[in-house]
Amino acid sequence: MPPGDRFVAETTFHVRYAETDAMGIVHHTAYIVYFEEGRSHLGRVLGAPYAALEENGYSLAVSEVTARYIAPARYDQRIGILTWVEDLRSRGVVFGYEVVDAETRQLLVTGQTKHICVDRHGQVRRLPGEWANKMRRALRL
Amino acid sequence: MPPGDRFVAETTFHVRYAETDAMGIVHHTAYIVYFEEGRSHLGRVLGAPYAALEENGYSLAVSEVTARYIAPARYDQRIGILTWVEDLRSRGVVFGYEVVDAETRQLLVTGQTKHICVDRHGQVRRLPGEWANKMRRALRL
Amino acid sequence: MPPGDRFVAETTFHVRYAETDAMGIVHHTAYIVYFEEGRSHLGRVLGAPYAALEENGYSLAVSEVTARYIAPARYDQRIGILTWVEDLRSRGVVFGYEVVDAETRQLLVTGQTKHICVDRHGQVRRLPGEWANKMRRALRL
Amino acid sequence: MPPGDRFVAETTFHVRYAETDAMGIVHHTAYIVYFEEGRSHLGRVLGAPYAALEENGYSLAVSEVTARYIAPARYDQRIGILTWVEDLRSRGVVFGYEVVDAETRQLLVTGQTKHICVDRHGQVRRLPGEWANKMRRALRL
């Protein structure tokens, strides 16, 4: 469950056929792509798009991914990706996620990704102030 | 360009980061996944969802794919996938596609996929009548 | 580091271009596909191929994935995937992984996946005895 | 069939589980990734690696892809990717492909990709002489 005091963005879409596997369900790596799309959506909603960060020469390198699989999604299912900021530091950020069925709200997958801010040479850097300020607003409602 | 007398369905979404490659642009295989999502969308719009076809034991096996790449898409770009029925036969169907920038309408990629109707044992079969009738409506406006 | 008393299988291959992203490095989800190929390789080496398990009606559903990213891999780099059995229970198995540069042995990514044995109806089942016995050999050298 | 007078490189590997879909077979886009790995392999064999081309500031942008699907591949199947140079021009190159079962040699998929040489600014350029000369050797045995 997202912490009660956080801003939570939700984006919804249909599962694509290419995301399924021979078990007839969504492949476990697809949810980690959904997480990524979830944080892209959160950034857009907060006016802190990741694309702008990259244009300014910064990247949020992924340092850790965790995912727990509770129930499988299937082709064509409409799912919601809930994304929030778990933690924000000077040089990094942690995002939390839940993947749910968009209608029934059944919980399918939970997860977390940790990121470090790096420049174009891969050097660790402080998060740009403007971007960090917009993200910070998502920490307290 | 889609033929002037066809029903054309358009679905729009943002390019995902995972779909880019080291050239900084969308990898050429991602558009072929977009085609697939385009025909899923067309089926939903026409009331002939592909998921229902599979539940009844039929699949549309891909027999041919062609894609022509005109201009690259990039991360976060909002793109539109236009999909229409090029041809409908008793045992198969051909879909046509255009990928465009959702705002500027710049043409990015065109393509075509050919499909054969098969049952669960991989045997070629006639397209189920109800599904084919709904698809047929997309052939003439 | 893999525990000193475990059997560790290594499979090597080149990074594919499709696995890179706009940062110019391998996308973080690709390593999780490498983990999967690592445990496929381990199963083949131990005479307990996953394909045989599935033919007998069992699947190893993924219940948890963790990955820690230490250094990036790039297109064309020859990498090694080290895979071992972390834990083996009656109804599940845990695999450990390291992704390294195949020549320099630089550590790139570490990870772990947890699996539950399910049948074709998604019911939790005991791991088939023969398959489990072969996997067990990998626990003690 | 590859033209009889061409150099044909073959690389073999196992189908990965992530490459399958809910039909139980390899998803049609995976073969287009195999094509890419096939031309990477051809470049390495000819001493004209694609990675070196990119280091010198050139890319082979994909302008067209065609694939014909004859028989499905499945998880764990050992497949061979045959790749050859169909045509070599001053500013572009065409590769041909066959995907076969590595043991039985059953033909699974055939295809072709067309490429244009571009620089870092996306401008069309002549193929670098050294790289083109090495590729040219593959045109006549």
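Quick notes
In order of appearance the chains are A, B, C and D, and numbering begins at 1 in each one.
As a working rule, contacts are C-beta pairs under 8 Å (C-beta built on N, C-alpha and C of every residue); 3 or more make two chains touch, one makes a residue touch a chain.
Since the structure is predicted, the reported quantities are computational estimates derived from the model, not experimental observations.
Ranked by separation of Cα centres from chain C, the top chain is B. Chain B and chain C have Cα centroids separated by 34 Å.
Rounded to whole angstrom, the centroid-to-centroid distance between chain A and chain B, based on C-alpha atoms, equals 27 Å. Chain B and chain D have CA centres that are 24 Å apart. Those residues of chain D in touch with two or more other chains are numbered 17-18, 22, 29, 33, 36, 54, 75. The touch graph of the protein chains shown is complete.
Remark: chain C residues 13-14, 16-18, 33, 36-37, 40, 44, 49-51, 54, 75-76 touch chain D in the complex. Residues 17-18, 20-22, 24-25, 27, 29, 74-75 of chain A are the ones touching chain D in the complex. Note for the complex: chain B touches chain D at residues 22-23, 28-29, 32-33, 36, 54, 59, 61-69, 72, 122.
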